[in-house]
Structure formats: structure tokens, C-alpha cells
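Scrolling down, you'll hit the structures one after another.
One chain, subunit A, appears in both complexes that follow, with subunit B as partner in the first and subunit C in the second.
Now for the complex of A and B:
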């Protein structure tokens, strides 16, 4: 009886020491939590990986004598033949393990993008710790390392700042969505661009352009401002946007904030060259009225909405002409529609889709549905 | 040893979910790509027919497990051969399951622990469960773990709806017919793996509407598998999902609700560990009770000991679980479809 109890207690103690797994512990203060990764081109064919890592809170307040807050992050970088090689060189200089499970952004320099960067995304997807919800950006006017090192206004970390700004501009590209897009039958892709400008010795960034990648996922060209908005809307990737146009009825500008944006595509593939009718629709409110028109009256609202739709239609028309004739790249996903809904006919079109796309007949129809105009009708009258 | 119908339901359901998560989704997606839902429909038909045959043949001889009625139906020698092959099949599945679980824990959770400690701890647990009351304990555990796994399996499907792109399921049925067929075979291997019911039905007292609960479990598990694989294709696209080792894990990692509920894979891993333990327990339990019935050994506890030691040795001899190498569908088709069909027809003929 006593022997049994002793053996049992011994066995349980042995098992308990085995079950805790203490030797396999990794404390949070042994990890570098990567917030943003940046990929730059380095000399002799290598790439430089930069990682933005937050510093833990300093003990007590640490205001420097010259004013200004000390940086709450640090950027470590290393060069290597690929991402993992560069990361292993970073580990040589750091005191903690790298952990990429909370990554916000992946920033890619335009030089690297011009040469093709999709092979560097392998490590970001393969490692079980990494999260594929990180957002991809192409950075222009500054190196990725420079972007991560700069402390922009307001936010503490530039990667967090870019992450939040991308929600506001209405278009962002998550890593797994990008992976889904590059595997489509027609794989031209669009990525948002962070452009860095210097303004009186202060660094600022602007997200007003998009980058178009060609079939080999290399950077082809940029598109800015209104062209970018129209292209994204026609491609069906825009979530929300702000548009301002000159309205001739009132001899002034009116702005609209579109919150719900959709696109519908109607294919017509009879004949050698397909034709497409696109319906773009948006729901929103009027946000600024610099005319004397009374936006509370339904008839005025309707006619202004019609004119606004017409102007947006002209914008999209211009973008279509440009993309079709000049770039000949199907960034709008029309080929994907054909490949998915009419796969037998896609076999005929597949071989020289670029040429066929450039000859396609595209008609655009924009339907806005503006629900309100804020609190007032026509605002302060403009003396004419 | 007494098992109720609802305990049976949960045991089968756990087995379906666990096998689909760990083994079936990856290779099936690689073959069938975006037509995976067609493979699931065909495979579920096969699984339901196979399971139905197993239930019918077990109900022809109530209170007898397969080891016993196999000898009655096919004669002494052939019956013993078939029964022994079933025991080897169940033991083989326990080796594979234990290796999969130990690999998963060792690679992702406990990196520095040597493998044999993890395996040893699980084997000690298996022996303890078998000593207590064998299959009854396992059935009671599964009644608790089953609903947890139900929530853990179905909830993430609805959390990720905003990121799904419905166009990724098209074009339907344009690729090779052969790829849908191989996807079907692979899926059937795992969702049809319900051969334990031929052993365990002997312990169920009230067998009215038994087939309803068991087939209900099979169809619920298959439904989940179909939904999950379709969800993976909708999020990642067919080409990227074919490339994945563990599609459900990647799906969980991409959930982000209100920018707050993220990294869901940790919770799911926790629950699936319970599920795989249950399946492992009863596979081992039916192997050891099978051997004790075959060789007419009274004390089943000694058999459990010996079998546990054999399991440990077999496991230490395997180098790596690359399940592509043992994924020969014909083994599963024979044990889960052909042999029950044979037993049922011969049994029917004999009883008439």
C-alpha cells in the first residue's frame, strides 16, 4: 500500500515536471515585435531588410533637454541574399528573437518593385508565426529604411501611421489578397503608394497614387489623384472616396463623400472582340457646396447628381482610353470575368489578351445616389 | 460498458473534424482546387453509404463486436484474418495520429522538447483512460469535448465573411475530371473512416434510430469540411490554397474582426488537441479490446500495456510523418466500404 502510494506520487511528480514545459519558454521581453518590414535594394544584387521594432516604455518621463519626444521605436536592418538571410544578419546585431506575428505593413522600395519582388513575399507567408494581414505598400521618394526610420507627425510609428491612413483613403491591399490577385488568370495588380515629400525640412508622406504592376509583377507605372480613383473604381477595388467637381449649373464646385461604392460588369462576348458595359454606383452625401444651388430641394439635387455622375463618367472614360491605348494592361479584371464565367471562350482570348483588351469597346455608366446634403441647403450666398 | 447514442454521435463527429483538419484538406485542395465542393459531395455519398453498411452489419448481430461476428459470417479462418487486418488498420491509424499530434506540438509549440517525452506523456494518458473503463470513459469525455469542438469548428467560418471573394470558386468543372476524382478519393479516405462503429455498437443498449445519429454525425462533419475548404478557396484563391500545408490554420490566421479579434488560430489549436486525443484514445482502445477478443485473453489491461509499449516503439522508429506516402486510398476504401459491403451481403444471405 505504502509502496503503491510512493510510486504513484513519484510518477505524478515526474509527469508534472514534464507537463509544464518550462524549458521551452519564450518571454515577451525576449522578442522583437516587428511592426513594419521594409525591403530595399542593396549593392551587388542583395536586398536590405529593415524592421521597425517598438521600444518598451522608458521608466519615468524621459524628455530630452532640447524638447521633442524621444523615439519610441528602433529600426534594425541587415543585408542578405534573401529575406531570411538578411534577417539572420539582423539577429547578429540584436539581443532578442524576431517575431513577425503583429506586423502591420510591408513597405517595398520602388527600385525593388521595378525588378519584381513577389519572391520576397515567400518568407512572410511560409513562417507559421507571420500574419498575412499585413498591408503592402510601394514607397517612392525615400528608401523603405528611411520611411521606417522617420517619425512623422502625430503617430508614434510610421508603420502604424501608414496602416491607419490606408483605411482612410479607401483602398488597401492585404498580403493574402495580393497573393490571391497575382494568381488570377489575368494578373495585373494595383498597389497603393506612399510618396515621401519634404516640406520645409520636415518629412511628410502622401498616399495619392497607385502603382500598376505588369504580368511579371514588376512595377510598370504610377497613376495619381483623380485617375487613380477612377481606375480603382473601375477595377472594383475602391471602398469609399471623396470627389469634387465643378458643376456648371451652379458655376461653382460641389463635393461629395461616397461611402458605398460598387461596380457591375456586363460582358458581351459575341464576335471576335468582346465589349463591356460597366455600371459604377455610389451612395453618399454632399459635403460642400460652393454654388448658390439649394441642395435640399429634390429637383436641384437630382440635376446636380446627374451632372456629377456625368463628370465622373468622363473621368473614368479618360482613364479607360489611357489604360487601353497606352498601357494595354487589363487592370480592371475583365479577362478574369471572361475566364470565370465563359471558360471555353477564354481559351480563344487567352493568347493575346493585351491586344484584345486594347481594342475592346467599353461603355461606362455612373449612377450616384446622394442621400443628403448635411444641415443646410445652399449655404452662404455668393454675390454675383 | 455502456454507451449512449448521443455519445456515439459526438465521437464520430470529433473523428470527422479532426481527420479533416489534420490530413484531408491540404491534399484534397491540391488536387481538386476550386471544385473541392464537388469532391466533397461525392465523397460524402460514399461515406454515408459505407457507414450505413457498417451499421446494418453490426445490427444483424447485436451485442457482438466485429471480431466475433466476422468469424460467424466468414468462417473461423477467414474471419480471424479479416478481424486481425482490421486490428492492424486501427493500430496503424493510431500510430499516424499520434505521430501527427506529436509533430505538431513539437514543431509549433514546444521546440526544445525531445519527441519521446511528448509521446510518452500521451501514451501514459492512453493507458490511464483504458484502465479506468475503456470506451465508456472516452464516450463520456467526448460528450463534453464534442460541443466545444462544434463551436470551435463552425464559428470561424462566419467571422471571415467580409474578406471572401465569391468569384474564386469559378470556373466550375473545367479542369481535369481526374483531379476531382482524386480529390474525392482523398476526402473519402478521411470522412469515411468510421470503422470503429463496428466494434463499439456492441455496447449500445438501445439501438433504435442508431443510424440517424451516426449518419447525422458523418454528414455534419462533412458539411463542415466542405464549408471550410470552400471558405479557404474564397479567401486565398485556388492556386494559393493548393500550395498550403494546413489550409485551416492559414484561414484562422486571416480572421480579423473589428481589428480586435485576431490570431484566432491559437484558440482553435487548443480545441483540436482535445479532439485528436479522443480519436487516439478510442482507436487504441478498440485495438486492444480487439486483440483481447481475438486471442480470448481475459485481462484486457495486460493487453493495453503490451500494445502501448509496441505503439511507443513503432513511433520512435518512424522518422517523419509525410502522409503523402501512406495516403493510399485503396486501403481506406477496402476497410471502410468493401469489407462492410461483403460482410453485410454474406450476413444477409446467411440469416435468410
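Now for the complex of A and C:
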């Protein structure tokens, strides 16, 4: 009797798994794995969504990536009122389901950025399958679709190369971090920019600038090169960087590679206008020495580090002045610090924060700790 | 809930009583008349051409009847020790001084170690058939039985399935006495007790339950003896019969009684406080109780250097888990949760699946079945065809099927990896559980995704934690947790670091 009941239960379970299971079984070759998404402005107020999707290579026993440079991806695009609408138009043209769990980058055209684009990020965060560790970029000089369509010389997909390049330049903005930042009390944000440089009809890209978004998350301005590095560092978003400065002691340039970059903020909020003291620190090594100084001797190291710190301090100072006076936007997150640590006082500052920020007294202190200089102290003697 | 099903009812009525006619004859005693005895026994052994009846007249006066089974007795020794004295009057005092055979035995005139007198017919028939020589004399209702067994047995050689790189190479044989001697020589202590039983109405197999008094867990011992006493069956041909009868949960895929063919393992288990059950006619001895973790330990864990052994244990554990979970894991990830696989791997898998007509789940089940079939075929093959089949299996099924676009390449890799992983499990009978459950998990994962697999794993865990082996929880020392034993289970420390005895079950 007991055996019969057990067998019956097992059979019922087996049938139940057959009937109720497998409803969302999707084979791996029934999906389009989205590598990168691009958002462009299209006519009559719509947006155009482009998706970079890898082609399954039909190689059974052949090895290697094809001899020449066969394109291993395809870009599908569609227009719509919002992302989901555009995606549904893409599905009309495609044979497979779209899957966003492997997305590398989300690229936004500067036109769209100028008009505010954060409403389009909703779909990318809402769907549980989506990858919120995708990196966000603004593209300048070319449409997002154009960027995704470019065949890169080295990497298989341009989105992959953007993803990897952003690690190298030391600043990457993940989608979920961006979404967290725009919900802060002071919500100016910074995004890296991919700028296209046309070179003999072949597109090339540079990532050397950042874009500053204002309170409505609309693109406000760009900052390049050293300004960008200093701004990012002061905002506490830089991971590592390379800095080259002219050192007067040695009458030449010296470069450092800084790895552990940190920012400490000291608030002083007595009075109507707060003042802030920032401590920037970095640890690194000397990578090039174009002077006659011996970088292995401790005294030389100390003095050179001091001078380097002073130069960086000057750079950051310049950036502060520019941002405070000209843009009046707190991209460095000082307001957020006050809101976090002294929420009661923040209520007083909240209303006119931009004004207050532009009047704030900001002092910068840069402490570099350069540990090594490689194999030699000073290079070949330089003729003067 | 399965305890009630423990005793299988094998009631084939082939008992001695009904085999040959008249019941009453075989319960009686022998009579004084030799002729009567002779006819009785001749009738009992009718058509048994290997039972030899030999009549001799001693000095022209006494008639002596000797009965033995040809092939099972040491004829030479018998001739020297019994026949010669009887026939050639080699007895020191001469035959005339002795009145009866039993008196001769009492006075120890025959130089035989193991002798006995029997009066019941049924008992006499049994003893003749176990290789002892019966001697009947006129005017006596007792038979004198001499134990001069000499049977063909296998030499002591290394067991095939439990080979080790280092360590003793002895294995049990089919003779009970040889087996007990192999254990006794490793533990020459009077506390090593060997209790003997006879099981099986027709086969009358000898069973020995061994334990070390003082170390063994008394309640487990009582339970073992009780269950053995409850076995009612007509035949026992292998220790598997006993294992089935005394197991706690016969319907579980996991074995609850360990079996081994190595005397060193048996001896080491005895010293841990376990009970070893030896049986005549089989080299497989049973060791009770058993836990899950014993199934993952190998014999040479204690014969090799401990650093290496610890590393190998990790490898063994990973592979055992892979043998169980890998196919289900693959199917589940690639068909339901593609987001969990990193990009590059996912694209490779998707490309490989382009050419394959079957869904992942069907492919995996198919290949697993073929692999199991290959394994089974490999067991039955004669030596000459063995290598050929492995080549055929690997090349044809693996390579050609992928080339033809019937199976995708990752599946072939997966199935072979799983197959190899299942051989890493040291105890062969323990591996059966993994091979069975792999299919169950595969079907669950293929239909219900991660949820199905989680449910399957939970069900297996619940089952494993619930069952007990003779009162010892199967999953101890992990559940219930005993820290000291757990550490020994995970890390094998050198002998000079252990103070207390190793785990008790």
C-alpha cells in the first residue's frame, strides 16, 4: 500500500514537471546577446535605439578568428518613443529574443544628452535580466549607432574596447553607480566621453574628456585632459592616473603613475558659508625622468614629490576656480558630504546650494607618496 | 517509514525437509545396525555422485563405513592419520584393547585435530556435505566425524577495484577461515571477538561478526546481531544478500553498509569501533555502520604523505560533486539563466549550439545514457575487444557526432568530464548513488531551472541527513556536528598529531 502510494506520488511529480516546467526554456542560440546599446535622437521627437549583437560564428572545427577581418557582430536598430518601444520595433526585424544580461556599454549621443536622457535609463535598470554593471558613455562627433557599427581593429566589438579602455584611463561609470548618483541631494554627475576623431576615413576614438551634467541631467559642458583628471580626482572618482609635470628643480619633466588615489574631505560648517579642506593622496611610482636628478636618493625624492604635489595642487585649484565661478555646479559632491554628515545643517544650505558653493572657501592639499623609481635613479646625462 | 520493508519474503519452499520424501528419517538418530545406517544414508545421497561410500573391514572383523564428499577432503592426510592406524594396526595398544570407536576417540588414538561425534542423521548429512569425513562402525549409533577439509581456493591477491599505489596488497578470498586469519594477524588481541552464525536454510552459510570489545559501540553491535538473527531466507550467495536484509533504508540510493575486499581496511575499521561481517564463499566483507563521508575516503589516504592526501581529498570532493551536479548545472544555466555565464563563454556555447538540432536537455540525457551504456559494455567485454570499444566510443560518438552536427561539442566535453569525475569516487558502490541521482537532477534542472535543481538538492540533502545506519546518523559528523571528528574528516593530520581515536562511525 505504502509502496503504491509512493510510486503514485513520484509519477505525479514527474508528470507535473513535464506539464508545468519548461515554459521559459530558451536555448542559448535563440537569443541576441546585447553587447552594447546606443541611444540616438531621431526625427519627430523619437529616439533611436541601436544594439550591437555578436554573430554566432559558424565554426565547427576551424579555429581562430577568421583570416581577414570578418565582421563578428551586427547592429540592429529601431525607433520608438522610448527604449521599450524602440526595442519592440527591433524585435519586428530580428529572429531572436533580446537579452541584456551581458551588456558592456550604454552609449548616448551628445544631442540626446543635451536634452536629458536619464528617463531612458529606466528600462535598463528595471528588467531583472539586465546588467547594471554596464558602463555609461557619452559619444561626441558621431552617432551612437555609428560608434557601434565601427569595426575596431583590435577587439571584436567596439563596445568591448570602450569597456576595457575605460578601465585603463582610470574612470568608469557603472550604470548602477550613475543611478545612485543622480538620486543624491546634489546631483551633478560626470560621465566619460568617447570622442571620435576621423582619420583618413577610418574612425578612431579617444577617451580624454569628461562631460558634466547639470541638475536636470542635461549635458552642460566638457572638460579635457588635465582639467578632467583634476576634476575627477577632486570628486573622488578617479581610480588611477598618469601625470607628467615640469619640475623646475631639475629643469625637465617627470612622470608618475599613481595607483591608490584617495580623497578626504574635511568640512567646516560654522557660519553661513561652509569651508572645505580637501586632502588628495596618491601612491605610485616614477615612470620617466627627463632631468638629471637622481630619483633614488631620498632627499631628491622628497623634494621632487613636494614639487609635483604643488603642481597638482595648482591644477586642482584652477579647476576649482573654474567650476565654482563659471559653472557654479557642485560636481565634487561636497553638498552630499554635508548632507550625509550634518543633515540638520544641510537643510539650511539646501535651497541656494549653487550660490553657496560658488562662494565656498576650498583649500586643497595634495600628498603624493611616490615609492619607487624603477631600476635607475637618473637617466642618461642630459646636455644643458 | 521504510523500516517495515526490511525483511524480504523469499519463501521458495526448498527446505531440506520437503526435498526428499520421508521427513521422519532425518530427524532420528543413527541405529546400531550398520546396514540400516548404510541404506538410510545411501537413500539420502541417491544420485549424488560426488559422495563416496567406502567400506573397509578391519582385521577381518569390524566393518567400518566411511563417507565423504570427493574433492572436499584431504584424502592423503586421512589415509595417514586414520586409515593407516585402522588397517595396519598402527595403534600403540592394538585394536583389541578398544571396544568402540568412540572410546578410540576419547583416548585420542587418531592424530586429528578437529573431531566430533554425531548421533543425529540430519546433522550427519550436513557435516558430510561440508567436507568432513564420517566414519560409522557396526554396533554403534554414533558416527565419528573428522574435519580434514581441503578445498580449492583462490590465492590471496590484490582486489581489482580497490587497488592502491602504496600499502598492502592482500585481499580477502572466498574461504572464511583465510579471511578471519587475515584479520587476526593484524589484530592479535583477545579482545577481537568473532561471533559466528549460520544463515540460510539450504546454503547454511557461515557468518562471522567481528568486533573489538571495549571499542565497539555496544548498541550498534546489539542491533547488528539482532538483525542478522532475523534473516529468514533459504539461500545466501553473497554478502549483498545480507546487506539488503539488514540495511536501514533499502530504497535509498546511498549504501548504508560499507563493503571492502581489503583486510587492512577491515582492520582499521575494527580499530575505529566498527563491526565487520565476514561470510564464507565471498571475499566481500561488510562493515557497519557507515557514513556518507566514508564513501569519499580511499584506502591510501592513510598510506601516503598527508599534505598530498589533503590536496587529493579536495580534488576528490570537487570531482564527486561535479559527477553529481555538472550536467544539471550546465543545462540549467544555458537554457534558463544565461545571464549567469560570462559573456565570452556564453557566446562560445551559443555558437556551438547553432548546429545542433536537439535541445540542450535532450542532448545531455542522450549522451549520458550512451555513456552509461558504454560503461556497462566495458564491464562485460573480453579483453581483446576492450581497447577497440573505447576507441570506437571516443572517436565515433564524440568526434563524428560533433562533426556531423548532431551533438554540440560542449555536451561531449561535459559528458566525458562527468564520466571521469564519477570514477574518482573511491568506493564503487557509493558511486552508484551519484550516477543515479545525476539523472534525477538533470531532469529537474531541465524542466524547472534553478528552482528545480535547488529542490532536487534539498531533497537529496534531507534524505541523506535523515537516514541512519544502525543508529548512527548518515551525515555525521557534519550533521549532527561533532567538531573533532569533522576536522579529521576534512584534513588528514599526521599520526603523531592525533591523540584520540578516530571517528566512531
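By definition in this document, the second predicted complex is superposed on the first by the 352 of 384 C-alpha atoms of A that agree within 3 Å, B and C clash if a C-alpha of one lies under 4 Å from a C-alpha of the other, contacts with A are read in each partner's own complex, and residues count from 1 in each chain.
Keep this in mind: a residue touches a chain if its C-beta (ideal position, glycine included) is under 8 Å from a C-beta of that chain, and two chains touch if they have at least 3 such contacts.
Everything numeric here is computed off the predicted structure, so don't read it as measured data.
Q: Check whether A:57 is in contact with subunit B, with subunit C, with both or with neither, and answer first, second, both or neither.
A: second
Q: So, A:343: does it touch subunit B (first), subunit C (second), both, or neither?
A: So A:343 only meets subunit B here.
Q: Classify the contacts of A:24 with the two partner chains as first (subunit B alone), second (subunit C alone), both, or neither.
A: In the superposition, A:24 touches subunit B and subunit C alike.
Q: Touching A:271 in the superposition: subunit B (first), subunit C (second), both, neither?
A: neither
Q: Contact-wise, after the overlay, does A:101 reach subunit B, subunit C, both or neither (first, second, both, neither)?
A: Both partners, subunit B and subunit C.
Q: Classify the contacts of A:2 with the two partner chains as first (subunit B alone), second (subunit C alone), both, or neither.
A: second
Q: Once the structures are superposed on A, label A:177 by its partner contacts, choosing first (subunit B), second (subunit C), both or neither.
A: first
Q: What is the contact status of A:298 with respect to subunit B (first) and subunit C (second): first, second, both, or neither?
A: Touch partners of A:298: none, neither subunit B nor subunit C.
Q: Pick one for A:131: touches subunit B only (first), subunit C only (second), both, or neither.
A: both
Q: If you lay the two complexes on top of each other, which residues of subunit A touch subunit B in one and subunit C in the other?
A: Of subunit A, residues 18, 21, 24, 101, 131 contact subunit B in one complex and subunit C in the other.
Q: Contact residues on subunit A for subunit C in the complex?
A: For this pair, the touching residues of subunit A are 2-3, 14, 17-18, 20-22, 24-29, 31, 33, 35, 54, 56-61, 99, 101-102, 104, 129, 131.
Q: Of all residues in subunit B, which touch subunit A in the complex?
A: My answer: residues 108-113, 117, 120-121, 124, 163, 165, 167-168, 170-171, 174, 235-240, 249-250, 253-254, 256, 262-263.
Q: Hey, which residues of subunit C end up touching subunit A in the complex?
A: Residue positions touching the partner: 1, 4-5, 334-336, 338-339, 342-343, 346-347, 349-351, 353-355, 359-361, 402-403, 405, 409, 443-444, 446-449, 452.
Q: So in the complex, the part of subunit A that touches subunit B is made up of which residues?
A: 15, 18-19, 21, 23-24, 101, 128, 131-133, 174, 176-177, 179-181, 183-184, 336-337, 339-341, 343-344
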